[in-house]
Every structure is written in C-alpha cells, then in structure tokens.
C-alpha cells in the first residue's frame, strides 16, 4: 500500500486487459483518467486556495479573514463559487465575442496544463517528456497570449493598456526566468523535470542560490503580483486586462491567478528544493506527494509574503530592474556555473557543491555592494535636487540656502 | 517518445473542458438581462471618448523586440545544456560565447536608450 | 505512421497559402505573416526529411534551428521597417509605398 | 487508418484552415490570432515527427515572441488595422493562380518520387536526437560556424531593427 497510484494503475490495466482491449487503448484510457483526476485535484486545491489567500492576507493586514462559514471559514470559497456561478454575465459593447470568451478559458487551462509535467512523486508524474523545462516556458507563452486576447477583445482602453503593461512585464521577466531555469538544466544535464528532481541529492538552491532568487523574482513578475502588479494599478487603470469581465469569467481569471501562484511554488520546489525528495519518499511514494505539496505551499506562502509586504514599483523601474540588473546578473551566473561545472568533472561531489555555493556567494557579495553603491548615489540625487534655473536670478543667498 | 506526449495531448484536450463547463453553468443558472446602459464600456463612470485603439507608447514594441532576440538565443542553449556531459571544455566556452554575442546587443540597446521608459 | 508524402503535401499547401498571402495582401504586417507561414512550411519539410531519411545526421535539425533564427530576424527587421514607414507616411499599405518605383 | 494518421489529418486541416484565415481575414488582430493557431498546429506536427524540442521551441518563439511582436506592431500602426477597404491588391487572382500552380507542381513531383511512401524507422535504443543536436551545434567539425553565425545574425537584426525604427533623422 506504499504506492497506491501505481497499484490502481496496475489494477486498471489488468481489468481493462480482461475486457479484451488492446494495449494502445489501455494506455489511452489510463492517461485520460490520469488527466481527469489530476485536473480535478488541482482545481479542488484551487478552490481551497481562495480560502488560504484570503486568510493569509487578512493576517498580514491584522484582520481575521473569512471565519463565519464552517470551521475557520473553510466553506467560504464554496459560497464564493456559487455566487459567481449565479451572477449575470455581461458582454460589453463592441467586444469580439469569440476571443472575449476564449481568453478566460485560456487563463485557467494553461495553468492546469502546466501540471502535466510536474513530478508529484517518484512514480506519480503525468508525462516525462525530455523537454519538460521548456514545456513550462511554452505554456507560459500561451498564457501571455491569453492576456493580450482578453485586453484586446474587451474593447476597453483600460483593459488594453493593462494587457500591454502586463505583457511587457511578462515577456521582459521571462528572459531572466528562462535563464534561471537553464541553470538547473545544466546542473542536471536534462530538461525532464523528473530527472531534475532525481538528480537533486543536494538541493539546487544550495548549488545555485542566485538562480533561485532570480526565478522567484521572475515568478512574481510573471504572476503580476506586487511589487509587479502594474497591470492592476487600481488608481490608474482600475483592474487591468480583466476589467470588463464579470461573473464566472472573472472567476476563471481569479482562479487561474491563484493556481498559477501555487504552480510557480511547485515549480520552484521542483527546480530548487528537490521536488518530492524527502525522508523515505523513494520507498513510500505517497510521502513524496506530501513533501511536494508542503514545499509548494511554503513557496506559495513566500510569494504571498512578498506580495503583501512590498509597495508597487513604477513601470520604468520595473523594466530597468529586469533588463539592466537581473538579465546581466543571471547571464554572468550562467557563464560561471557552466564553466565551473565542466572544469570540476571528476572531483568529489562535496567539493563541487562547495565551489558552486562559494562562487554564488562571491557574486552575491559583489552584487550587493554594487547595488548599495547605486542606491547611495540615487539617494544623494534625491536629497540634492538640481537647482531650478530661473529666468531672473534672485539674490544668491536665498538660492544657496534652498539648495542645501 | 510519442507515448510521453499522449498525456500532454489529452491534457490539451481535457483541461479546457473544466473552464468551459464553468462558463456553461452560468448560462443556465444566471439571469441574462442585458441593456444598452449595462453593456457600456466601463471607464470609471465616464462615457468613453473616441476609439479604444489609443496610440501606444512605442516602448512596448522596443521591449518586445529585445525580448524576441533573447528568447531565440536562450531556447537554443537548452540542447547545449542537455548535451553538457558529452561536451569538451571548448564546447562549453563556445556556447557561452553564443549568448555573450547578444550581450553586445543588450549593451547597444542600453546605450541607445531603447531600455529607457520616457 | 504517416508516409513522408503526406508531410510534403501538407508543407506544399502551407507554402502556397503563405505565398498567396505575400502576393495578395495589401497590409505590410499581413505580408510578413505570409512569409512566416512559408518559413514554417520549409521547417516542416526540413524536419520531415530529417526524420524519415537521415535521422542519424544532424543537418536537418541544425537547418531548422537556423530557420528559426532567420524567421525571428526577419520579423524583427521587417516590423521595424513597417513602423519606420508608418511614422513617416502614416500608412503601411504596400501599394502606397512607392518611392522606389520610379 | 491508424490513430496517428487521423490525428495528422485533423491537425493538418486545422493548420491549413487557420492559415487560410490568416491570408483572408480583414481584421489584422484576428489574422494574428489565426496565425497563432496555425503555428500551434505545426508544433503538433513536430511532436508527431518526434522532435519535441522543436515543438516547444515553435510555441516559445513563434507564439510567445513573434506573434506578440506582430500584435504590438499592429497596435502601434493602428489605423490600417480596421481599414474598411479591400485588404487584397488588384493582382490577387494572379497570386492565387501562382500559388495553386506551385502546389500542383509539388504534388505532381511528390507523387512521382519513389521514396514518397516510405515509413520512418524507429530511433535506435538510447538514441537521443536532442542530445545529438546539442553536441552538433558546438562541435568544430560539425555545425559550430552556422550556430555562431545565427547568433551574429540575431545581433545584427537587433541592432538593425533599432536603427531602422528609431532613428531621429
């Protein structure tokens, strides 16, 4: 009973073979059942996430959060879902109907599709394709397209502006994020997520802490969560690309966003925290699922922690931070990691880990120094603004006292 | 090889069914009484002025351009990373050179002011 | 499995559609879309030949990689041209861009 | 017909249908979205050809980058996006005849070719085309030069595009 999923799969295979089906159809039926079970499970978790998110944000803001319906307000999201299902669905004037309806479907479906390659346990993994890491990037690209579709089809200026901002942000942060994914791929020499988890006898967050941090920042931006939530800057463009969506269509965007956050938590756990790895997870695969979800929830909590702690940045700051800081930094780390990995083939593993960690820490030290110097310079600039040129110079004594 | 993709193919077909179902249920349950006032474009209560297609800042295009070039480069580093064990040291250096060529482009765009937002 | 000829005919059809788009559309962006379709048809052909005839050599795959790079470059420069022309002449209708005609 | 053949025909029909929509739709944003569907169909074809890497690269590069760049360009040059006039020029019948002629010619040539009906042989055990590609791209006696030139080509495209689009005269 250590591995119920494989047990059920084997039993099903035997049962279907008894019915006289060919092996091809059996694998199709097995895969289809797997997809349905995985999708439903993920969506059930998603409904639960509404409660988690509301409860956590309440705690951050020193409130209680939902606490009326059921124990600890656990049934609140169910009430939310029923409310959303019963709300009227408004299609705005001039909307491109088909694209308008397709966008929320894409928003949720692309997130569910991501789970196909994430290994939940040593035996429980949807697909072990040899391009898993890139598959995640590709599905993310379709999600970006969904946002642009929503913004365009709504026939609303705010929606289109929000979509443009969101897409500019997502594609910008995709560059450092993809390079950050490339580093675990180099360390594991495989793009299959199952292999990446399998080769993490030492968690990659130890070998590549900078890549982990950059991935986390990229994830935050990809999710459009604070400090990168420009697309839904309430005071400027109200709600961003989903401004015109009501009822369940808005609900799909909301569900997709929450699930996306958990998915990025899971991806972070897969790439850098050893995925399902943990004590006894190889012999008892069921434990692996537990470990994986604990790690994913911890990372989800970190993402929420960042979201509710930071103020929003300006769009120029956001893009400068990506292109002028994160991208050069992660390219440097990539080059050094690649060369060190090749040079150190054949050395004992603990030396390898130590050198990788040290090289990262050295880079981190210099980066922090440089950022500190830059921040000092910026502070001075703000503290001593340029003198305003006036057409008729007044007495010099007053102007100097103003400047100092 | 193709068996690995079976799961993903089925996922592509089945995953959209969940949100589609969530959109069909309100069609049956929810009220539907649209009127011209209700379906107006939302702009904080003010009536919309002019076309939705306002002129956009060209900067959006700039960032997409730099992104496109970087994206292509990075994607083709992935096979290089997968083949890492079979590569000699110079193969690794050549792969890094491949991406460093683009850093010249990034520096150029930076100096040209393409990465500024103003 | 599918015989090679199916892929070739599919790619030929895609190429022809792309060619029609390039030759008949007025809008410069639409012309670039047609070029994309044609390049994709080429890529399908390259990879189909690689898979069916010479999967032990890497030429087909490497060529496909180069086609990807070329497609990206073509779109980057092509759209830059479109935007440049639009800024000067407020039009991207290919028929109206006729300064070099005479 | 085997299941793969049925999938092939379905995907081909979707790809070609949306490609036709690309070249005939009047609304440019819609044409771009049809282009995305068409390119996605080609990605599925790459999966059927057992080059999964190219399938995901197709989605990342074409849908994630090129299509988005195109939509941005359409939005920047917005006026013509809703151009009410005809979207085809006067010589479209000639274009159609030419395209059909090329298609017919290729079909004729393919039909007469003795290797047209061959089936692919499965990969030998332990053969990973992706890994082989990675080695080939950076080996001096294989395809190192094209690979590096691709990089320089992209650099040239980036610099060229910046110069063309944003020269201040």
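Which chain is which? They are A, B, C and D, in the order written, and residues in each are numbered from 1.
Convention: contacts are C-beta pairs under 8 Å (C-beta built on N, C-alpha and C of every residue); 3 or more make two chains touch, one makes a residue touch a chain.
Nothing here was measured: the structure is a model prediction, and the numbers come from that model.
Among the chains in view, B has its Cα centre nearest the centre of the complete protein Cα set. The interface with the greater count of contacting C-beta pairs, when A-D is set against B-D, is B-D.
Averaged C-alpha coordinates give centres for chain A and chain D that are 29 Å from one another. Taking each chain's centre as the mean of its C-alpha atoms, chain B lies 17 Å from chain D.
Spacing of chain C relative to chain D, judged by their CA centroids, is 6 angstrom. Here the CA centre of chain A is 33 Å from the CA centre of chain C.
Annotation for chain D: residues 4, 48, 50, 52-53, 57, 60-61, 64-66, 68-69, 72-73, 75-76, 123, 130, 132-133, 137, 147, 150, 154, 157-158, 161-162, 165 touch two or more other chains.
Shared interface positions of chain C, i.e. residues touching 2 or more other chains, are given as 65, 68-69, 72, 75-76, 79-80, 83. Of all residues in chain A, those touching 2 or more other chains are 129-131, 134-135, 160, 164, 167, 171, 174, 191, listed in ascending order. By the definition of touch given earlier, these chain pairs are in contact: A-B, A-D, B-C, B-D, C-D. Contact residues on chain C toward chain D in their complex (touch as defined above): 1-10, 12-21, 23-27, 29-30, 32-34, 36-37, 40, 43-44, 47-48, 50-53, 55, 58-59, 61-62, 64-66, 68-77, 79-84, 86, 90-95. Of all the residues in chain B, the ones that touch chain C in their complex are 58, 61, 65, 68-69, 71-72, 75-76. Chain D meets chain A in the complex at residues 3, 29-30, 33, 36, 52-53, 55-57, 59-60, 63-65, 67-68, 71-72, 75, 128, 130. Only residues 4, 47-48, 50, 52-53, 57, 60-61, 64-66, 68-69, 72-73, 75-76, 78, 81-82, 123, 130-135, 137-140, 144, 147-148, 150-152, 154-155, 157-159, 161-162, 165-166 of chain D touch chain B when the two sit together in their complex. Residues 24, 96, 99, 129-131, 134-135, 137-142, 144-145, 148-149, 152, 160, 164, 167, 171, 174, 191 of chain A are the ones touching chain D in the complex.
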